[in-house]
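Written below as structure tokens is the structure these notes are about.
Going by the order they are written in, the chains are A, B and C; count residues from 1 in each one.
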């Protein structure tokens, strides 16, 4: 692995974290600078780009028509895919999605789905036959740590920016008209990822910290402050106390981010 | 088409399958069931029927997948096409890929990986019948298979889920409760070390409900851990008892 | 200083993660120490010997150690040596230079004529460390290609029991069956007798030892078994 953290660096990061500091000057619970840009891809129905420190994620939303799932005939469909584009990191290789990209996509998907962010009930065109399908494509352009939070925030920002084409039904066929309606959104979940180095919890791990940390836990918080998705990752573990501590920390940071983003 | 039941838990606190809120489904475990695997275990948890087999430690092929200073664990969680209501294609789904990853990550902390550098162990999990909570039952079986293969471990890993149906936090959701309920929290733990190695959640829970769910799942895990140890001892006890009879 | 007790009974069957002792104890075989507590790392029988807590593993695999005698199978003929399967997580290597008594010339020497895939050898672990695969040597008396006899496998942890205290068990079996027996510490055993029946007898005895390894009075019972079997055979011959 070409971006392997050397043993010396590893120790350096560990020791500084023990003292409550991080190599980039942040406190253990500080986020890096976050910048969100919306609507930069005109061809997409919605788009957003997030810069979290140097991590860069672009999300494009395409809205098309399709058939609903048999057990939810009156609801639209949401599908999330993630690409760890090779130019984003020396460790990403071209090819079909690997376990990391699949996990990332499913974590982002759960945050949006469980919080019912997209009002899928309002995406029905013809019950049982035709609904809107919202394709959320997460494109990681630069990996400098914490792809989960950057992707999740980019996905929701992109959804907030999404417009659905207007349509009418003519002779039993769906005809697209001019004009757009904003995608109906009911919630705006925020995902916070916490890494564990030694017995310290750090918020928003960057690339080198990710190689030192033994595990991470990500939680998605909806507008009401409730938890709507969670995922522990990594080869280490958390004690139950650390999980509850992380949960409290996540609440704090989610509220902060929500304010900062204006959601 | 199945009709959605009115309530998942009635006024008396009885669930659709007759259980109370904090009741586990019946669990049956057997260790050492596959002759060709280095270690194996079979579990029946409620209607779940899952087989786990372990090969290794052995050299990895291709070699470049191995690490110079530790053992690598590869894990494949796979559901048989006939394991679910609607036939599932044998090709790995995205869900199976994600579960393979999180299950592997739940087992890694339990194995002394640094002892055998440049080798790997393969963990194969086959879900023969599924009824909710398969990842948890898989972890319980896979951990036993690793111990059965004689691979040194810090502790067994045991897993169980808690969740919310209607407005009640309950233990060990079966499939209908998982699909129709409000939240599902699968959790895996190494009980003697108090180390949580898998934790996921989907649904909506307040922070307080989440805490209740974590505690409930942990208690459920401890009960299953007793059965896990028993199953492991049973396999190795037989030789001891047979010998003592002479 | 107050001595804390251990948490198990002598030879109790324990599982990985079980707490065995706390306080002034050291972690022996198949156990580990974490914050002054000794835990089991494998399934086995726990015991304590002079403050050292051990677990005799009932299931383990062989890890090479320098100086060990092992029996292996040639799996591949390479450019300057052979790959050998010694039933361990690592493939062992036998260098051509170790086997050939003269300098090795890759163009002229046909290694497969000396040892080919499928051949069995008795060898010694010449070197092994974490970063390298085990290297074997056959350059000592008693080592080399196996041409006769039968091979059997037992769990490596049982080999000491087959040897017995000061070699008493294995000597007795050799004597009673008139067989040559080579015990590979990797759990592979070579039994060479005058007749296949003698070899079978020795193998039956060894299998029984593997099954009953953690019981007492085993040596006497095995001796008994061998004597009975031999008597049976004599009786069958007479008829």
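Just so it is clear, contacts are C-beta pairs under 8 Å (C-beta built on N, C-alpha and C of every residue); 3 or more make two chains touch, one makes a residue touch a chain.
None of the values given here were measured: they were computed from a predicted structure.
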Arrangement of touching chains [line / ring / star / complete / other]: line
Maximum centroid distance from subunit B, chain identifier (CA atoms): C
Centroid distance [mean C-alpha coordinates] between subunit B and subunit A, Å: 27
Computed distance of Cα centres, subunit C from subunit A, in Å: 54
Inter-centroid spacing, subunit C versus subunit B (mean Cα positions, whole Å): 34
Multi-chain contact residues (two or more partners), subunit B: 190, 193
Touching two or more other chains - residues of subunit C: none
Of all residues in subunit B, those that touch subunit A in their complex: 94-95, 97-98, 100-102, 105, 108-109, 185, 190, 193-207, 210-211, 214-215, 218
Subunit B contact footprint on subunit A (complex, rising order): 97, 99-100, 102-103, 105-106, 110, 113-115, 215, 217, 219, 222, 225-240, 243-244, 247-248, 251
Complex contacts: residues of subunit C adjacent to subunit B: 13, 15-19, 30, 32, 34, 39, 41-44, 57-61, 63, 89-91, 130-131, 211-212, 214-215, 221
Complex contact set, residues of subunit B against subunit C: 38-39, 56-59, 68-69, 110, 112, 116-119, 147-150, 152-156, 190-193, 229, 232-233, 236-237, 239-240, 242-244, 246
